[in-house]
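After this come two complexes, each holding subunit A, first together with subunit B and then together with subunit C.
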Partner chain A sequence: MRVLIAFLLGLAGSLAFGWWGFPQLLYQREPQPLQYNHKIHIEKGSMECSSCHEVAADGQFAGIPRTASCGACHAEPLGKTEAEKILVTSYVAPERELDWKVYSRQPMNVRFSHAVHVNKAAMKCEECHGGRGSATAAEPFYRNRVTGESRNVWGPRMIRVGLKPGEGMKMSDCESCHEQKGVSAGCLGCHR
Partner chain B sequence: MSATQKTSRTPRRYGMVIDLDRCTGCGACVIACAAENNVAPGAARENDRNSISLLRVFTLNNPTAAGRRTAFLPMMCMQCEHETPCVTVCPQQAVELDVLSGIVEQMPQRCLGCRYCMTACPYHARSFNWGDPSWPAGMEATLNPAVAPRMRGVVEKCDFCQSRLHAAQDAAAVNGSLDPGIYTPACVEACPTQAITFGDWNDPEGALAKSGETFAWLEGLGTQPKVRYRSGQNWLHEMAERGGAAPAKEERHG
Partner chain C sequence: MAIGRRELLGLAGGAAVGGALSPVPWKLLDDSAIWTQNWSWTPTPVRGPVTEKFGLCTLCAAGCGVKARCGSAGVFGVAPAAEHATGGGALCPVVYGAHQLPYHPRRLRTAIVNGHAVETKEAIAEVARRLEAAGAKAAILDERPGRIVSALYDRIARAKGGTVVTLAQVEDRSLRTMEDLAGMGPGTLGYDFEHAALILSVGAPLLDSWGSTGRMSRLWSRRVETGKPVFVHAGSHWSRTAQLADRALILRPGSEAALVAALAGKLAIEPAAEITGLSPASLSDLALRLREQAPALVVGGGEAASSGLPEATERMIAALNVAIGALGRAGGIVMRRPLTGAPQPPQYLDRVPDHSLDLLVHEASSAGIVAPEALLRRKLAAKGTLVRLSAFLPEAFGPNDVLIPSTTFLEGAEDARGARDAAVETWSYSDGLSSVPASALPPAEFAAQLAEALQVKVESYEELRKARAAAIVAAKRGHVYRHAGGERAEATDLEKFEAAMAEGAVWVDEPVEPGPLRAKIDAVDWSAGRPEQPSLIAVASSPRGSLSVLPAVPLASKLDRETRLYAVPGEVRMNPRTARELNLRPGDSVLVSTPFGETRGRVRCDAAAIPGQLELGACGDGSQLVLEAMGAAEPGAGPTQAAQIRRS
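And then the complex of A and B:
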């Protein structure tokens, strides 16, 4: 009996370390430079994802917009929040870029074509980015201390089961979608 | 590709025709290739055998003609189509012949560095990364962001500027197509005498189809290279059959 209790305690301890402790050690928390509210831009500003994150005419995806495009609306503070004041005085007026940490940033040997997925395949942003566009706050960025990559690449939980869209951006996640849709891109279709 | 896989991309067979009578051996293609593909400058220890060279220009001398002639032979991965030697030998499936572009693709992440493919390649068109690439301070700013540098211990080779194919595909996708069409690899763009023609062998109206009579280097091997040459000089045709080796003695005196 005592042996069994010791075993169960050991097992529970190991699982707790693996599922809770290890991620704490593995990931480094990095705050975003500014609180950004996606929801308010979409609802009050009646904007779309592509209003800021646009695919250019030559098919190149702009990713995070530059401060200049924020300044198109935010030349003067549009609200009374502290973040608004910081945006205008510290970034828009002196034309400084914001050091956003990109949740979905992939390793450099990965090529992802927004033009192919959005323009050609008519996929919705949410299919990969989940509810990012309706978030009210910029949640902290977690960087893998070993690889330097974003935690969003692996997904929020150590166990990769029951992942919702936007959770997990590993190669296997790309592959499973490609398999479902019966589209093959070869190796160098997505690698470079 | 299995029957269940579908694609709206036109299957292409990208290839080149290099006019040896036009090549002046200037080496602009070599420089353009290295700059485009983030090939680091050679370290002091590097020589012809252990450096990274995706594209090389050889000097060919005609040993038989009374009037000695010299020609230059740009040589990169020949994108062999039939029983592609590097694909056949790779134990890692790190090399594959892409069915949609006809390009022989090399995946550095899968490569274990055994260099069997380098032995198998009849054209010595593959290079091994004996060390991690390093650039002089400040030169990192000139790197091409669309090409990932290769790490120590893997083989690399010409892939017809895959990053440019990607860019062409992105531009096509905006207009609702997945066909990158005919893009321009860096060496083709850099050649001052326009000796290199890039195109699609599947296109009967294309530039390759119109390039007249062409020959492959070491055609007798039967690997069906998609990079072919043309020249009006007979001795180059003969040399291509021998792979650049001097003719056998009896032949030379006979």
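And then the complex of A and C:
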């Protein structure tokens, strides 16, 4: 009996550590340089994702906009929020780049063509990036201490079931979408 | 409650089962796999937009157009510029990896004088001092004459009483003999292969590492549609050109003269067949075709990694060309207009008397051109100085030498005059696509600093480049081809011309209307000896652009080593049958000796190698020894050498 209790104690402790303590240890929360409001840009500024996240004509993705492109509208503060003030005084005016933490950044052996997915496959940004485009504030960025990448690549929960669009950007997620759509990219389509 | 060993084991067992049912093991497994891809020291390209720019390949004088993929950290991919006048939309295999050359472990990062590292300025001051002292016994070796920097070398050498010399590349060897006989200056003749019906190569590797790869491969593939030109190769060993040619005649080594004499009708077919080892029927058939399948032309020259044919044989080839009407005819050997604004063509280094120079400044900024070390040293007097402007540490280094680090592939401003064998002159330039390392001097900067140290007044590189552009526009000849838009435009407006050239365009001169040219062939000696037949011959192979002291860049070494296309450095490639006859096994360490030198290597057996032939790889470390053994420093020593081999 005492052995069984010890076994169950070990089992419970280990499960608790694995499912609760381990994620706390694995991920480190890091602040974004600015509380960015996507929603206000879309609703009030009538902007689209591609207004800032350009997909270049030759197929390459320009990615995170540079401060100069923010400066096109924010040369002067457009509101009274703290974030607006920081943007103009600390970044736009001194022409300093914002050190955004990228939720979807992949390891170096991965290449991804936004142009193919957006222009050819006519996919919506939300299908991979979820509702980030309508968020009022930048969601917390959790960096995986081992890989250095965002928690969003794996997904919000340790168990990868029931992921919604925008949750998870692992190879298996790409594969399942490709399988659903009957598209094969081969190894070199995505890996270099 | 007392805790005993059993409880502890139970606890551990529970923890182990719980651990296995938790995400820890598989998540850590997954994460550590990704971690291995993100080690801080793993080279990763800097993120940023990717642009395509046009530049020049500087691995030989042809200056083929290169389309480079550039990121924020420099060039990371190279492809041919389609339709380029010289490159023709193709590059030599080695060039596809040449953007890695700037990171080569043998990159020279400091100037060296007499074995000591010094500041570049000091080294240049030392070169100026020795050049001044050498006076008329100084020469500058310009491997790619006709560039803007060549004009600077010309002014410096003239101001101090010295000369500019150049190397006779494999494409030069036959043309210069013809120029001599026709009383024309160096660089005034070219081959009009595009209009030829039959091309006979006498030992010239026309279809492998000869001329510009794009031009030759375009000609070869065009045969499928038009049936012209027909390539006939007559050589003393099997080579890739022999394999690709429409017809290959394998001669006895050294019997090229007999073949040419027979084709010219100066030696009867029967004795010629006996000397060359060819059948009388094939000889008479070829002689007939040369006359009937007009326009035909004959190219000699030998292999790049060995010596050319003897001068007497080259003279016979020139005379044969005259006899079949190839000189001055479309589809033959045609006149080219001298490049507008270019300095006088330099004389050939192999024609400079031995031991006559106190100082030789060797501009070796093109990593792909070979200069046989033995040839350079032989031209120098006992205590002469060899100055090298090179991006890489050379294989050999003399106690008196001066080394100055230079730029390499796609670094810094460069211009190219185009392939030596082309029927028309071309010109293109680039300001460089990769940043210039602080320690490296582009050739133009080297020349400018040398001129300053010598107090020779010269125009700046930019002024000279502008002046040449203006002269070309003023001449109102030729056209400009822009890769970016794939358009041809006339060169009539200087501003537009310069704008297009800055984007990587190429200017192509107009061809000279073919017309009869004369050459003095009466004095040509047609006597053809009966060469001795060695049981074993050595041949050297090397892919174009990699014929240097450089260990091949990664992509090229992959091509070399994995496809086994070429004998790789340090290997002696032979047919298994030859190895058995010589009692050798794969991997045996051997010493190959020829009348000119020795080289070591390991035996590699390859059924694709020709029996009785030892193939030596002349690229990378040890290539200078191979060149020496092949007699590359001895003009006219021939493309193959009698060889002996023994275990070492």
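To be clear about the criterion, the second predicted complex is superposed on the first by the 179 of 192 C-alpha atoms of A that agree within 3 Å, B and C clash if a C-alpha of one lies under 4 Å from a C-alpha of the other, contacts with A are read in each partner's own complex, and residues count from 1 in each chain.
Here, a contact is a pair of C-beta atoms (placed from the backbone, for glycine too) under 8 Å apart; a residue touches a chain by one contact, two chains touch by 3 or more.
Everything quoted here is computed from the prediction, not taken from an experiment.
**Student:** In the overlay, answer first, second, both or neither for which of subunit B and subunit C A:88 touches.
**Tutor:** neither
**Student:** Just to be sure I read the superposition right, which of the two partners does A:98 touch: subunit B = first, subunit C = second, or both, or neither?
**Tutor:** A:98: touches no partner chain.
**Student:** Scan A:63 for contacts with subunit B and subunit C and give back first, second, both or neither.
**Tutor:** The second partner, subunit C, only.
**Student:** Go through the superposed model and pick first if A:119 touches only subunit B, second if only subunit C, both, or neither.
**Tutor:** first
**Student:** With both complexes overlaid on chain A, does A:108 touch subunit B (first), subunit C (second), both or neither?
**Tutor:** In the superposition, A:108 touches subunit B and subunit C alike.
**Student:** Looking at the overlay, what does A:183 touch: subunit B (first), subunit C (second), both, or neither?
**Tutor:** first
**Student:** Which partner does A:6 contact after superposing on A: first (subunit B), second (subunit C), both, neither?
**Tutor:** The answer is second: A:6 touches subunit C but not subunit B.
**Student:** Counting residues of subunit A touched by each partner, does subunit B or subunit C come out ahead?
**Tutor:** C
**Student:** Contact-wise, after the overlay, does A:55 reach subunit B, subunit C, both or neither (first, second, both, neither)?
**Tutor:** first
**Student:** Under the contact rule defined above, give the subunit A residues that sit at the interface with subunit B and also at the interface with subunit C.
**Tutor:** Residues 60, 108-109 of subunit A touch both subunit B and subunit C.
**Student:** Per the contact definition, I'd like the list of subunit C residues that touch subunit A in the complex.
**Tutor:** It is residues 1, 3, 6-19, 21-24, 27-28, 30-32, 34-35, 37-38, 42, 44-45, 47, 49-50 of subunit C that touch subunit A.
**Student:** Residues of subunit A touching subunit C in their complex?
**Tutor:** Per the touch definition, subunit A meets subunit C at residues 2-15, 17-19, 22-23, 26, 56, 60, 62-63, 107-109, 144, 146-149, 154, 158-159.
**Student:** Subunit B touches which residues of subunit A in the complex?
**Tutor:** 55, 57-60, 108-109, 111, 113, 115-116, 119-120, 182-184, 186-188, 191-192
**Student:** Within the complex, which stretch of subunit B touches subunit A?
**Tutor:** The contact residues of subunit B facing subunit A are 1, 4-7, 96, 98-101, 103, 105, 107-110, 146-148, 159, 162-163, 166-167, 169-174, 176-178.
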